[in-house]
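In structure tokens below, several structures.
One chain, chain A, appears in both complexes that follow, with chain B as partner in the first and chain C in the second.
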Partner chain A sequence: MKSEQDSIINYDLVYAHIVASIVLLAVVFLAGMLYSLQFLHLYPFPGIEFLSPGRVRTVHTNGAVYGFIVNGFTAALYWALPRLTGQRVMNEKYLGWFMFIALQGAVAATAIGILAGDSQAIPWGETPWYVDPFIVVWLLLALVQFTTPIYKLANKEPLYAANWYMIAGLVWIPMVYIMGNYVPVFFVPGIAGAAITGTWIHDAVGLYVTPIGWGLCYYFIPVILKKPVWSHALSLLGFWGLAFFYPLQGVHHYLWSPIPMYAQYAAVLSTIVLELAVVSVIVNFMMTLKGRAEALKESIPLRWIYVGIINYAITCFQCAIQVLLTTQKVIHYTDWVVGHAHLIMYGTFGFWIMGFISYLWPKVNHSETYSKALDEWAFWLLLLGMELMWVDLLAGGLIQGFTWWSLSPWMDSIRYSFPFWIGRTASGTLMSIGLCFYIYNFYKTGRKKTVSLIHAHEVGAGGGVR
Partner chain B sequence: MNKRDKIIFYVVVFFILIPGAISFLIKIGSYFMVEVEEGMSGFALPFFNYLFVALGFVALFVWAYLEGHFRDIERPAIEMLEREQRYEEEFLKGGV
Partner chain C sequence: MKFSRIVLIVGILFFAFGTFWQAVAPWLSLKKIPVKSLEDIAKDVPREFYMLAEDYPVEFNKYFGKADEKSFMVALKTGRDIYIADICWQCHSQCVRPVSREEIRFGRISYPSEYNNVMQLPQLLSTRRVGPDLIRESGVHSNDWHAAHFKDTRSVVPGTVMPSYAWFFDKDGHLNKKGLSVITYVQWLGSWTKPEKYVLQAVNTEAAKPESSESVKTEEVKPAVSESAKPEAAKPETGAAVKPEGGKP
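Then we have the complex of A and B:
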């Protein structure tokens, strides 16, 4: 007989999205490593247009979002939302599997389109125009699929912070996507279009990745620590702060541009103040850890999540500084920005997803992690590689910025950057080794399930429902 | 709310939410004005779309308030854990 949770959670969907997320993360790493070799004059496919470094780089950035992050979040939502609400998502059997296949199809079409040269000229919105409508439909389906259980719960009892955050992420993103991917390309050219692409880059992070990520943290952290969040009131204040004050933040991506200066000043001011709202969320999670910090030694999923939170705090503090017009004079267009982007997208959201998957994978397999030692190696190598890459790119970015500012010959900045580009490839190699450990452990944990299920069947034990 | 929660609440309201609201209003005002500048009229489209969705969140906030979602404000955090504990016990009984 199926238990209550077996009837509301579709384990196969969680399983499938996790596998897709990890496979695509490997592809993203590969593309990133290939691109970094271009800077060292070691690119292995010179002269092949389909695999030209610029296109491979775009596969790296788009794959990270649509492939790794969206799949990772979707897997976690299929697990967490039914448990948070006691309700099923709208429809797993047809809608859930259709969405799974559609997402992988959209990711594949995006990668092929980009490699074929069909990118849109929008930073981080390079998805070919013919894929965009499918992504919008997918996001609308996700909205219906995942808000259904929240809606059912909201009519019975007050909502928990995680649910509020998930509502925000699911509601905002279809509109943000349409605005960012269609309006600048087809309707609003020029500087106004540039301002809109700025809002897209930032709102995609702030109005989808951040609320879904925080929402899932509000589920996983109390569950792993087995204690409630320090202050639910504070978590709600953080949520409403994000819901009301985050939108239209990204104009600060185009400082010193022809956008009127008073609008740039307003973007800078609101960005700095928004960081205060972020602090309230970070304080809440850190205080939740109070008295249970030793859990970080034992629980690797928890460690991934908290390291991600620390990286989030660092990037937000960095953000408040780098939106200043004075700072922008130096760092704009440099590798500093690349370092910042890596720390937020992988060092924060990527680490959270690694934590969610580390927690969920043994559960969906009704198994235990294959090797704790491999897990430890993966964690430390990925963490060390990530932080080294961040420092390396920040330092390289400063050197580049000051070299340009001093009006030195362009080639000087290339020459000075070279050691930092070696550093980037070296730290990326460390991360790739860590990822190999992670994937091997992941694979063996999945295999362990197969063996344990066969054993359970042979001895007539009744476990292992998937 | 106990004394500690009240202090946190008011600190966050006065030092974070109110400055956040003021800076957001300055930003919205600036973006509204920017649309009359040469070449910037197209910015009106996303601007008003964002405001429209934000109004939805205002409505959601009012609905949640009237439905009593913020009355016993710490309760959902406890209920969530109780529900999770029930599921986890079932999960372990399922034969891991």
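Then we have the complex of A and C:
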């Protein structure tokens, strides 16, 4: 059975996407650290147009999504989908490798385009206009590539929750991308454009990253724990809750703007109600862990995933509070939102990808994790840095918001933020050190091909599953 | 029908519903507001643009020739493009909200029709304010202030985290086309609300005597009051505009 499952997985593609994901994560960290130095008056490249802080920040945000997260998810999909469905993806040799090269090309072109000043003023849609068509084509190819095995399976038997999430994410994202990267850039100006932009920002997170991330968790958690998910009924509730309420909340990025209030009220309400769907998924994952919590001590991939889930619970609870129109008076436009974004994009989805990669990397290399200690250091440093950054930015955001409200001179809000910006750079440094440990371990694990193939699969190398 | 197909269809329907409510419906609501073209905008050239031509005659003549509607269109478009290329919009919002006393700090609350023009394609509302909002920036500072500020931000606003933009200046340190264009753009933002600003200015000057205005530096506060014509006079009134209103609630 095992060998049959493994034979339908293209190890090389998983390997390549994982490497790309980790390399680009390092680039993203570097860009983020550089940008944070600007706030401490320590920016190392002043006066260089191509490395102006604004552009570097944009490389940071876009690299995180298109580079790190898309590559990480694609690697995990290449692994999880054949195993979930018992079918090969559509085509590995040509389509798979073409998609791999095209994605890296698109990411590189985006980064260069942004640094050269060709970006579009759409958050997360800064990809230059000449890269957008390629990304649309890539997303459509990904749709064909990854829904083929699900389609084949769907003709035989009912689908597992993970597969619904993946179909949903893969079907939604091309539509969302076209909407967000073309309509407000070329056709609809002003406030209506802002409503569409908000819908795009939120849908990119809610209709691609979230469903694919949840879908992959629905695969990896039962596999690592070697037990089924707690409740399939709850997974249903979570899925439909996401499908109904997520597309409704785009405008909550522009609350108190001149966008018509019916859209703003709908966004606020649906964001609060979505909390129910989120809680159902979190309860499901937590109850799956019940009785096996000691596995978190052994298995670092599992720990990444579960810490991500806890961060997810925190962020979504925070969502429901910060979206209130009253709260928005203070926190909108402040670092609070930045802290929130970091906890959701890295603290949750990023941690999940780190977990998937920690699990997959020894397997695709037929080796064992080089050093458990290094893995532990990486985990705790990244976790500590992440949570510190979150608390730090939240506190800084509140101070900025209230300083503005109190009508103090503008520069006061900058002066009062200064300690928090130092805190951000410090926590970013902690995270960077953690990432260095992670990458060193990653590199060494990749070089250590001592264990035989069969053995590697039996012990669940690196996963530490008993 | 297969369950998976129901999932697919219902998922797309949900998506369509959400997109309609969040994106299409606001667009339909706002569609009756005509979209201004660049030519429409150029019918009302802000006086800061003519002042720019006077302040920097050599540079202006070199890059734009005469200050008129035509050169204004070129400068405004270029300036907007640089505002996007240098990603100014990620640290400067362009939306005054009706909350947090923003109308006192920045000026008139934003309204939909002022965004319905090609300069807001794509829209530049933004979601973060490291620096102050810019939608009422026109005339708040002089052209010279902007030139000096772009050249060396911290010499003008001590402690600011905004980077200096060396590429807005040529080798001799004079404003180049980019610099002139960006100043044109920033001085245009909110120029359409200016008459109202002059009324506010009169009200504030009468209503309050400046008291501890020394502690409030001009460049640190975005006054609701426009002082484009005489920037040196902005100091006392800035404090006056902010102080008494702030204490009210």
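Definition applied: the second predicted complex is superposed on the first by the 444 of 466 C-alpha atoms of A that agree within 3 Å, B and C clash if a C-alpha of one lies under 4 Å from a C-alpha of the other, contacts with A are read in each partner's own complex, and residues count from 1 in each chain.
Everything that follows uses one rule, which is that a contact is a pair of C-beta atoms (placed from the backbone, for glycine too) under 8 Å apart; a residue touches a chain by one contact, two chains touch by 3 or more.
Quick caveat: nothing in here was measured; it's all calculated off a predicted structure.
Aligning the two structures on chain A places chain B and chain C in clashing positions.
After overlaying the two complexes on the shared chain, residue contacts for A:E157 are found with chain B alone; chain C is out of touch.
After overlaying the two complexes on the shared chain, residue contacts for A:L276 are found with chain B alone; chain C is out of touch. Contacts of A:K363 after superposition: chain B is touched, whereas chain C is not reached. Look at A:V229: by the touch rule set out above, it reaches chain B but stays clear of chain C. In the superposed pair of complexes, A:G423 makes contact with neither chain B nor chain C.
When the shared chain is aligned, chain C comes close enough to touch A:S52, but chain B does not.
Once chain A of one complex is fitted onto chain A of the other, the partner contacts of A:I259 extend to both chain B and chain C. Of the two partner chains, neither chain B nor chain C is touched by A:P128. 154, 158-159, 167-168, 171-172, 175, 179, 183, 187-193, 195-196, 199, 243-244, 247-248, 251, 258-260, 262-263, 266-267, 270 are the residues of chain A that lie in the contact sets of both chain B and chain C, per the superposition on chain A.
Every residue of chain A that touches chain B in the complex is listed here, in rising order: 3-6, 83-84, 86, 154, 157-162, 167-168, 171-172, 175, 179, 183, 187-193, 195-196, 199, 219, 222-223, 226-229, 231-237, 240-241, 243-245, 247-248, 251, 258-260, 262-263, 265-267, 269-270, 272-274, 276-277, 279-280, 363, 366-368, 456, 461-465. By the touch rule above, chain B contacts chain A in their complex via residues 1, 5, 8-9, 12-13, 15-17, 19-24, 26-31, 33-34, 37, 39-43, 45-47, 49-50, 53-54, 56-58, 60-61, 64, 67-81, 83-87, 90-91, 93-96. In the complex of the two chains, the chain C residues touching chain A come out as 2-5, 7-8, 10-12, 14-15, 17-19, 21-23, 25-27, 29-31, 35, 82, 84-91, 93, 95, 97-102, 104-105, 110-112, 115-118, 120-132, 154, 157-161, 163-167, 216-217, 219-222, 242, 245-246. Residue ranges of chain A in contact with chain C, taken from their complex: 38-39, 41, 43, 46-47, 49, 52-55, 57-58, 117-123, 126, 150-151, 154-155, 158-159, 163-164, 167-168, 171-172, 175-176, 179, 183-199, 207, 243-244, 246-251, 253-254, 256-260, 262-263, 266-267, 270, 328-330, 332-334, 337-338, 400-401, 404-407, 409-412, 414-415, 421.
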